[in-house]
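Structure in structure tokens, see below.
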Amino acid sequence: STFASEAGPRDQRIATTRLPMLSLPSTVRNNVVAGLGEFVGTFLFLFFSFSGTQIANSAPATTDEINGVVPPNVSVVFFIALVFGLSLMANVWAFYRVTGGLFNPVVTMALFLVGGLGAVRSIVVIIAQFLGGIAAAGVVSALFPGPMKVNTTLGGGANTAQGLFIEMFLTAELVFVVIMLASEKHKSTFLAPVGIGITFFLCELIGVYFTGGSLNPARSLGPAIVNTSFPKYFWIYWIGPILGSLLACGFYALLKSLRWRECNP
Amino acid sequence: STFASEAGPRDQRIATTRLPMLSLPSTVRNNVVAGLGEFVGTFLFLFFSFSGTQIANSAPATTDEINGVVPPNVSVVFFIALVFGLSLMANVWAFYRVTGGLFNPVVTMALFLVGGLGAVRSIVVIIAQFLGGIAAAGVVSALFPGPMKVNTTLGGGANTAQGLFIEMFLTAELVFVVIMLASEKHKSTFLAPVGIGITFFLCELIGVYFTGGSLNPARSLGPAIVNTSFPKYFWIYWIGPILGSLLACGFYALLKSLRWRECNP
Amino acid sequence: STFASEAGPRDQRIATTRLPMLSLPSTVRNNVVAGLGEFVGTFLFLFFSFSGTQIANSAPATTDEINGVVPPNVSVVFFIALVFGLSLMANVWAFYRVTGGLFNPVVTMALFLVGGLGAVRSIVVIIAQFLGGIAAAGVVSALFPGPMKVNTTLGGGANTAQGLFIEMFLTAELVFVVIMLASEKHKSTFLAPVGIGITFFLCELIGVYFTGGSLNPARSLGPAIVNTSFPKYFWIYWIGPILGSLLACGFYALLKSLRWRECNP
Amino acid sequence: STFASEAGPRDQRIATTRLPMLSLPSTVRNNVVAGLGEFVGTFLFLFFSFSGTQIANSAPATTDEINGVVPPNVSVVFFIALVFGLSLMANVWAFYRVTGGLFNPVVTMALFLVGGLGAVRSIVVIIAQFLGGIAAAGVVSALFPGPMKVNTTLGGGANTAQGLFIEMFLTAELVFVVIMLASEKHKSTFLAPVGIGITFFLCELIGVYFTGGSLNPARSLGPAIVNTSFPKYFWIYWIGPILGSLLACGFYALLKSLRWRECNP
């Protein structure tokens, strides 16, 4: 077979028939892999998340408004949260050893601040993540019948300030878990994709009803561009996740300054 | 006990009282094990998946059509997707060390292209998988009351082209995860059945409503034969999964040519 | 503290102040541990399973009969199956290193036939399992308001023969997974409680609607005695699981005679 | 970056520019870490649990009372139990290596009795857990629209005695699993957060409908203080968990005195 011929024992031969790209310096080539991997990974993560949200939001409404607020449908919230959680888990698991499977600009920012990710790599990765989010929204819009219904909006009677703090708290939880499970190396680091997916599932169970559960500027930007729909409070999907990421980094730095590893030896 | 007597210390004795089959050359015997294992494994995977689908599709409809489209019932979609995901997870786990637990002709094709599976073994296994799918459909049809309701059909207003691309994208995700978790060896390879089951659960959450979530020609062929029901778009359940598998193999080959292992050491 | 004083460094002292029971020969003492562990473990497994079933079966019926058959409520089936699956997973995990966490006479039978469990130990354990099932039914009946609603009965239009074969197939799956994950030692054996719980969850998703999903004579006997309610087809909850267990053992013996470990090295 | 500069190679420099707190004796500093970690961890565990409960309890009632009892809504019970289970799993995973991730005064008590946790550390941690519970209730009350609906109350027709014993049994299960999975060291100890989260999920599936599923005085006290709402049976949320924890410790001590490790070598 064609592809298998590139494996193992024939690597020597490939070295003499290499693609032009392989002549690039390894730093450049690694940034190409990181950018490509995060673009495709973010695309897949959000393609599945948006697709599931599209299905759940096509279910007929089961309840009327009460005092001007649509009450939550727990089955719909659960379905959307589950799809986001499983999609992050599956795709981080697949891309973990390629690029780390970040798929989120504010997670990237946190690993730049505390995890040793370089500045150039961070910028490459963040650009790829935004492009992946836009591509996912475009494909979902085209691939499924009817208008796309996956934009993040305030709900459940939450005002802008509440939405901002909800996004901040949920992102802080997600980023702190990423730092403790994936960045801090230990015996269960190979299971980090599972723990991160579970945590994101949890965050979405809380976030979906009130803010749409963004935690990720690339997740909110893609559908907003494709549907050209930017509510006036759209800034909370930038500032909330950024503040949450900084909060998690700050708490981690405090634990580190207190030498937490000595507490529970 | 009779069975236990064949274990451990008495293996010597068995060698002298062996079944005729054990006189076969080991290559033949291993192909018998592979064929038998994939037949039984695919049968069990689809027996449980079809049984759960049968139950969920026996629940009374809760909503009327809207503009000629039946809206999704998220509880029913969730139930069906869960049964497919858990059934793949459990049965891959059980058969992983016997045959690899492929249970799907296009996964077999991918491992032939990139994973070193041999040509003869691949053909044996694919035949066993189709037979397993037909057997599962036959048993489910006989074992449960009423007509069998597990055929893959288009829904949710999706047209044939959309159905084709949905099957392609979902299969690409599944096959890419199989390659990265099971074929590429690493520290969490022993957990591949869990990751593969989770990914298939995710794919079914998206696929069930629009295409029935096949991703697998053997899954679609079995019930179609038993119910002698082939819609005119039935070809998408062959071409969609094949294209998806090729797409995943191609992306993997691209990553490999870029030496992805050097990106995130 | 009193209990902690029995740990580690003071084990010497305990040896001189031992309980009378510790003067027993170790074989007897180990059988006491096995019997006690399986009694408490089976009690806990079924106490949680019955409690969750009691809750789900107290939910108001949402649909009328159709042609004399109550259609499935997928949310209720899911809830009951989830409680059974999680309860087996949690309690097997806790008791795995104590007694193996069998909790089921036909699983015990299978490990006697193929897993090297001794005859005396098997009998002790099976008696403990039946007593644990009766105790769990008694406590659930007393602890929760209203009559206990956890007996296994045929439903969904299934006749006795269909019920028998459904119980047989589901038990065969469960027992085969137990053999491959827990009895055959390998790298992920320490995760067997998770895989077994997932498989039982799957089996219950199929079984609850048609037969109540017994797979276990001790699970059916306890509530039948406490409610003194034995339907005339009650024998299927003995014969179905026994046949399923034998089927799994037979298939395993066939794989073993074919030297399955050489197939996929 | 500022934070990253504190990592690895520059630890030497930090030693000369240390924070005043680092001049504290290590015993004091470790107690500060334990108290801070358990405060923040308990806050996060309960913040997510309360938030999800708030959402589920805002869903409109689907059924009328039957004989003075509100029947269970299995979707709502499932949602609440899931949020509690995932929140414990995620946050124990994140804090496991910092403080052990106890988040519950009666779990702390059990580890004092059988797990070697010191008396001073236990008191520090228990105070932090109560403060974390109060803080979580206060933030949830402020952050989400409308009155907070997360207090633990009797339901489903359960009387005070039944509520007491339900709390006791559920806590005994949780504490026994904590002891066997986390305190007793073995090959899967690194997975204890997963097993503990699954077990708590199970306990909540049973507890939510009848008692609110406390198992934890800090979980009940926080909302009771913030809403200044103490039902006259509030004492069961203290005595039930304490009795359950003692029951689990007693059974563990019995197994230990019987040398359970020799039973299943």
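Worth a mention:
Per-chain residue numbering starts at 1, and chain names A, B, C and D are given in the order in which the chains are listed.
Please note the rule applied: contacts are C-beta pairs under 8 Å (C-beta built on N, C-alpha and C of every residue); 3 or more make two chains touch, one makes a residue touch a chain.
Note that the structure is a prediction, hence the values are computed from the model and not measured.
Shared contact partners of subunit B and subunit D are A, C. In this entry, subunit B maps onto subunit C through a rotation of 90 degrees when their C-alpha atoms are superposed, rounded to the nearest 5. Homomeric contact subunit C/subunit D: same residue numbering on both sides for under half of the interface positions. With centres defined as mean CA coordinates, subunit D is found 28 Å away from subunit A. Separating the centre of subunit A from that of subunit C, both taken as means of CA atoms, is a distance of 39 Å.
Within subunit B, the positions touching two or more other chains are listed as 75, 78, 191, 194. Checking each pair of chains for touch leaves A-B, A-D, B-C, C-D. Per the touch definition, subunit B reaches subunit A in the complex via residues 63, 66, 69, 71-75, 77-78, 112-116, 156-159, 162, 165-166, 169, 173, 176-177, 180-181, 184, 186-188, 191, 194-195, 198-199, 201-203, 205-206, 209-210, 249-264.
Of all the residues in subunit C, the ones that touch subunit D in their complex are 1-4, 6-7, 14, 19, 21-22, 26, 29-30, 32-34, 36-37, 40, 44, 47-48, 51-52, 55-56, 58-60, 75-76, 78-79, 82-83, 86-87, 89-90, 93-95, 97-100, 143-146, 190-191, 193-194.
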